[in-house]
Every structure is written in structure tokens, then in C-alpha cells.
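Structures are listed in the sections that come next.
Same chain, two partners: chain A is paired with chain B first, then with chain C.
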Partner chain A sequence: MIARPFASILDGLIRQRWVTAALVVSERDGIVVESNLQIGQSGDRMAALAASLYRKARLSASAAGLGAVSFMQLEAPAGRICAVGGGDLVLVVVAEPAVNVGLVRVEMLRAVGELLAIGGEAA
Partner chain B sequence: MQMTVVESWIEAPLKRFVVDAGAELALLLHPSGQVLAQHGFARAVDVMSACALAAGIHASSAELGRQLDGRPFRGLHHAGRTRQIFLAEALSPRGAFVFLTVFGQESSLGLVRLYFEELVNGLAAAAPPVEAITGPALAEHFERDLNRNLAVLFGRA
Partner chain C sequence: MADDVRRLSEELARDPGSRVFVPLGEALRRQGQLDLALKFTLRGLERHPHFADGHDLLARVSVDRGELQKAFDEWDMVLRLAPGHLGALKGMGFVCFQQGRLAQAEEYLSAAAAQGDGDEQVASAIEHVREARRDRAERPRDPSRLPTGTAHDPRFLFADVLSEAEQTALLLDRDGLVLAGAYVAWDGRDVGQEVGAELSGVTDAARRATTHLSLGEWSSIVFETEVAVVAMTPSTNDGLLVLATSRATPLGLVRRLLDRCAERARRWQGGRI
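Moving on to the complex of A and B:
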């Protein structure tokens, strides 16, 4: 049986309307730790690119003296990518344009504590 | 750092990999250890050592995979303190090649794996038709061919 330590976080996010993928990714490696994806989504590809994007955003914010990145959102014509970090882990959500970003943001920020707690235990 | 290739069709896919993945070093070789392309190396002797080691590691890990799992391991990743290596087999219509890359903290294993897949597809698309059946891994002219390839890569041909 495969352990799914982040199942409650990911299942809660994927239940949100218009959310198509939720992943926990290692920020340093860009590798999927756990994911909940709708059919047709490429988890590995998304994880690698989103983790790279988040890490660069975090480093840019730090270089500009802005402090830690709390929430990152990328808007594209066909949807959005949202990411929050917790330790070495990044929680990534992919959603369609109609998604309620405010709600997703609240859920993701709420999940950071859990991410840190489980990620810290795993490390 | 300049990229050099023995066969020109390799250059475009490999260049794209180096740029996209942010690789510091890249090496494409025949499983026998014959170099086909390199990026980031300054000396022929370093390429020769890296090719010999990569071919040896690839052969050992493939055999280990066969014994443990009934099929060869295709990829290997080692994370150092500041740099990481990724070694994998790249299948193409011209046969199997071994690919070795070194990357730093600006890149990640996920990105390297992602762009490695694209490199394999790019090589498959760019490879010219096979003209003849390739010879044994250690042909009688191995050293001559190796020296010729190194001379091509480092401008002594």
C-alpha cells in the first residue's frame, strides 16, 4: 500500500470547482511527491516547471528585498497556476480561468502549516 | 562554453537541451565509450575520462538492473553538494547512446528529466537514416576512432 501523507490537502483542493490538478512537489528537485490530477494532465512536466518557476520567484523576491513569497499566481489564457511553499515542498494547483482564486488561495495558505508539519516529519 | 559534435545532426537537439535544462556539462557517447558530442569541457583528456567512466557506470548499472529487476536500469542520478549528475540511455534510430549531464543549483532533476525526454525525441527526429549495421562495441579500430572523434571535437582534425 502506498502512503499518501498529503492526501487530505490534495483531495480538498481538487474538490474545488475548476481545479484540474493539485500537486506537492519538491522545490529543489522538481519531482512530484504526491499528486491528484484529472485525466490528461502531465504531473511530471507540470511539477518540474512549476517548481522551477516558484524557486525563481522566491529567489527574485529575496534578491529584491521583498521577503518570502507567500502566494504565487500565474495567469494564462487557458487557466491559472497557483503555488505556495512550505519548507522544501511546493503546493501547486492548476485551474481553469473560471476558478475562484480567492477560495483556492485561502485553502492553499491554510494547507501550508500541514505541508510544513508533514514535510518536516518526512525529512 | 562551446559545444562540439562529431556528427552535425546531434547539435541542434543537444544545444536546446543545454539551454532549456541549464546544464553545465553535457556528453553524448556510444555505449562503448566513443564520444559523439560534448558541451562545457575544455580538454580532450577530460572528455576521454568522462566517456570511459560514463560507459562503465552505464554498463554496470544496466547489468545490476538486469540482475535485480530482469531489465537494465535506464537512468542514474547522483546529487552532490552543489552539483548533480544525470546519466541515462538515449535511444535513437541510430542505436542506443549514453547521455551524461552535470547541472547545478539553477536547474533541477525534474527539469533535466523533462528536457532529456525532449532531447531523445529531438535526436530521433534529427537522426539521418541508418546506412549500415553498426559494428561491435569494441571494434578493432576503437582507439583510432576515439582519437579521431576527440580531434574533431577539439579542433585538431
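Moving on to the complex of A and C:
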């Protein structure tokens, strides 16, 4: 049986309306740790790009003296990417434009503690 | 030090319910093994959730990991569990100072000094904070209070769009160089060039992500940091508009301000101002 330590986080997020993908990604190398995707989506590519974006935002903010990044969201005409970091892991959500970002943000920030705890165990 | 870690690890292995996770976590933290320190501390706190020194250690590990707000919250917890905890007061003073909240920093450090153990480090920190407060008071910080004759100075392009002193906006060209606006740091310095150079790199990653995921051209990026909310949107000729506000600014308002600043930038770049 395959262990799914982040199942409750990812399943909770993917149940949100208009969310199309929820992934836990290693920030360092952009590799998928666990994911819950709609059929036909490529998790690997999504994970690598989202992790790279979050990492860049985190490093830039730190270099600019703004401190650690908690929540990040990117908006585009055909969708949104949201990310929060927890240790070496990044929780990523990809959603359609109609998604309730406020709700997703709250859920994601709530999951950070769990991400840190489980991520620490897994590390 | 390595011997300490080994001895303490063995002790913890013999008695997983002991409080030895605190000196063990501290030894690991001092060695720079932050992930391990965090792991042992979190495990220890699962067994001892009301142990103030455990939360104090978690706060110190968080500082070392660059997570200032998390550290502050942990020390806040320490004070609830052990009112007047010296380490927590000093730590919260440090975090407030780092975040530019000088008045609160002085309050926490003064409370630490009042514990009365004559800590020279605390006295020196208080003096440092007071000096920074005096320095800040002497510098003009609010760009909306413009000196006369600066109406056509591009540094003040967004001054009347932004409503508070903690809001600041920058317009960057495609190379990350400042075209207009200013980024005023907590100490009154304009660090727009440095901030612009660092943040403009995010746009390449954003473009790559939206292109490969077929999301279309990105229209905005917002990220929340420990001290600010930063919002960015593309501008004319591959430029970039960056808005930064205090953490207290609601995200919906941040978006409205970003739209207003973008409109101002468009008009200015179109020669309509």
C-alpha cells in the first residue's frame, strides 16, 4: 500500500470548487511529493514550475528585506496558482479563475502546521 | 558539542517522555542542524504542549530559519505559559525591531530589563532601539507629505494614490530599474533600486509558469511576507509595477490600490500626466 501522508490536506483542497490540482512539492528540486489532480493534468510539470515560482518569490522577498513569504498567489486569465511554504515543502493549488481565493488561502495557511509536522517526519 | 548531542540523544531514546529534548534541540540549533532541531522540538512539544522552555526553543529555531512571525507567535505562547519569561521578552523585542516595530520593540525590551538581572545585552539593545526611533523621527517618511516643488518628481508619482505611510509603490522598467515611485524602508531610506532589482526576477518565473500551464499572460502576483504584502502587475513595455503595504492592509484593498497605481503608471507612461 502506498503511504499518502498529505492525503487529508490535498483531498480537502481538491474538494474546493474550481480547484483543479493540489500538490505537495519539494521546494528544492520541484519534485512532486504527493498530489491530487484532475484527470489529464501533468503534475510533474506543474510542480516544477510552481515550486520554482515560489522559491523565486521567497528568495527575492528575503533579499529585499521583506522577511519570509507565507502565502503567494499568481493570477492569469485562465487560472490561478496559489502556494504556501512549510519547511522544504510547498503546498500548491492550481485553480480556475472563478475560485474563491479567500477560502483557498485560509485552508492552505491552516495546512502549514500539518505540512511542517509531517514534512519533518518524512525528512 | 557532538558528544553532547550523542549523550542527549541517548538519554531521549531511553526516556522519550523526558524534557531533554530542549537541551538536545538547542545543541542541534547551535550546530546549525535546524531541520533536526525543529523535528525534535515539535516531537517534544507534542508530549509537553505546556512546557514554556520548549516553545522558547521552537521560537529560537524559527528565528534561525528566518521565520520571524512564527517565532514571535511562539514567544507570545511562552508569555502566556510563563508570564515575564525573560527569553521571550528579549526575543519578541528582537523580532519587533527586525520588523521595524520600534515602539513595541522598546516595550518588550524594557519589560525584559525590568526583570532586574542587569543584562547588559538588553540595555544595549534598548539603547539601539531608542537611537533608531530618534533617527526615524528625524527623517521625513510619508511621501504624501511632499515638499513643495516636487509635483513633477517621478519619485512621488503614486503619493496621492496611496493612503497610508506604510504603502509604497515602484514602477520598474524591463531591466528592473526604477522609473518612478519609491520604496521607503522603515528607517526612512529609499531602497527602491535594491527591492526592484530583487523582485523583478520573479516575473520570469511567473511567465514561464503561466506559459507552460496555458494560463495566459499573468496579470498579478501577490505574496504575503512577515512584514509586508507585496503585489505586482505587468506594466507598459515589459515594465513592472510593485506595490508594498503593511501586513495590516486587507488583501482586497491591496488589489484595488494595485489597480489604481497601474492606471496612474499607464497615464504617466502615455504622457497624460
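In this section, the second predicted complex is superposed on the first by the 123 of 123 C-alpha atoms of A that agree within 3 Å, B and C clash if a C-alpha of one lies under 4 Å from a C-alpha of the other, contacts with A are read in each partner's own complex, and residues count from 1 in each chain.
In this section, contacts are C-beta pairs under 8 Å (C-beta built on N, C-alpha and C of every residue); 3 or more make two chains touch, one makes a residue touch a chain.
None of the values given here were measured: they were computed from a predicted structure.
Chemist: Using the superposition described at the top, determine whether chain B or chain C touches more residues of chain A.
Modeler: In the superposed model, C touches more residues of chain A.
Chemist: Which partner does A:Ala57 reach: the first (chain B), the second (chain C), both, or neither?
Modeler: second
Chemist: Classify the contacts of A:Val94 with the two partner chains as first (chain B alone), second (chain C alone), both, or neither.
Modeler: second
Chemist: In the overlay, answer first, second, both or neither for which of chain B and chain C A:Ser70 touches.
Modeler: second
Chemist: If we overlay the two complexes on their shared chain A, which of chain B and chain C does A:Leu116 touch? Say first, second, both or neither.
Modeler: The answer is second: A:Leu116 touches chain C but not chain B.
Chemist: Would you check which partner chain A:Gly79 touches, where first means chain B only, second means chain C only, and both and neither mean what they say?
Modeler: A:Gly79 contacts chain C only, not chain B.
Chemist: By the touch definition at the top of the document, which applies to A:Ile31: first (chain B), second (chain C), both, or neither?
Modeler: first
Chemist: Could you look at A:Leu49 and tell me whether it touches chain B, chain C, both or neither (first, second, both, neither)?
Modeler: both
Chemist: Quick check on the output: what are the common chain A residues between the chain B footprint and the chain C footprint?
Modeler: Chain A residues touching both partners: 45, 49, 52.
Chemist: Looking at the complex, which residues from chain C come into contact with chain A?
Modeler: On the chain C side, the touching residues are 35, 38-39, 42, 66-69, 98-99, 185, 191, 194-195, 198-199, 201-202, 204-206, 208-210, 212-228, 230, 244, 251.
Chemist: Residue numbers of chain B touching chain A in their complex, please.
Modeler: 107-111, 113-114
Chemist: Considering the complex alone, what residue numbers of chain A touch chain B?
Modeler: 25-26, 28-31, 44-45, 47-49, 51-52, 55
Chemist: Flag every residue of chain A that touches chain C in the complex, lowest number first.
Modeler: 45-46, 49-50, 52-53, 56-57, 60-81, 87-88, 94, 102, 105, 116-117, 120-121, 123
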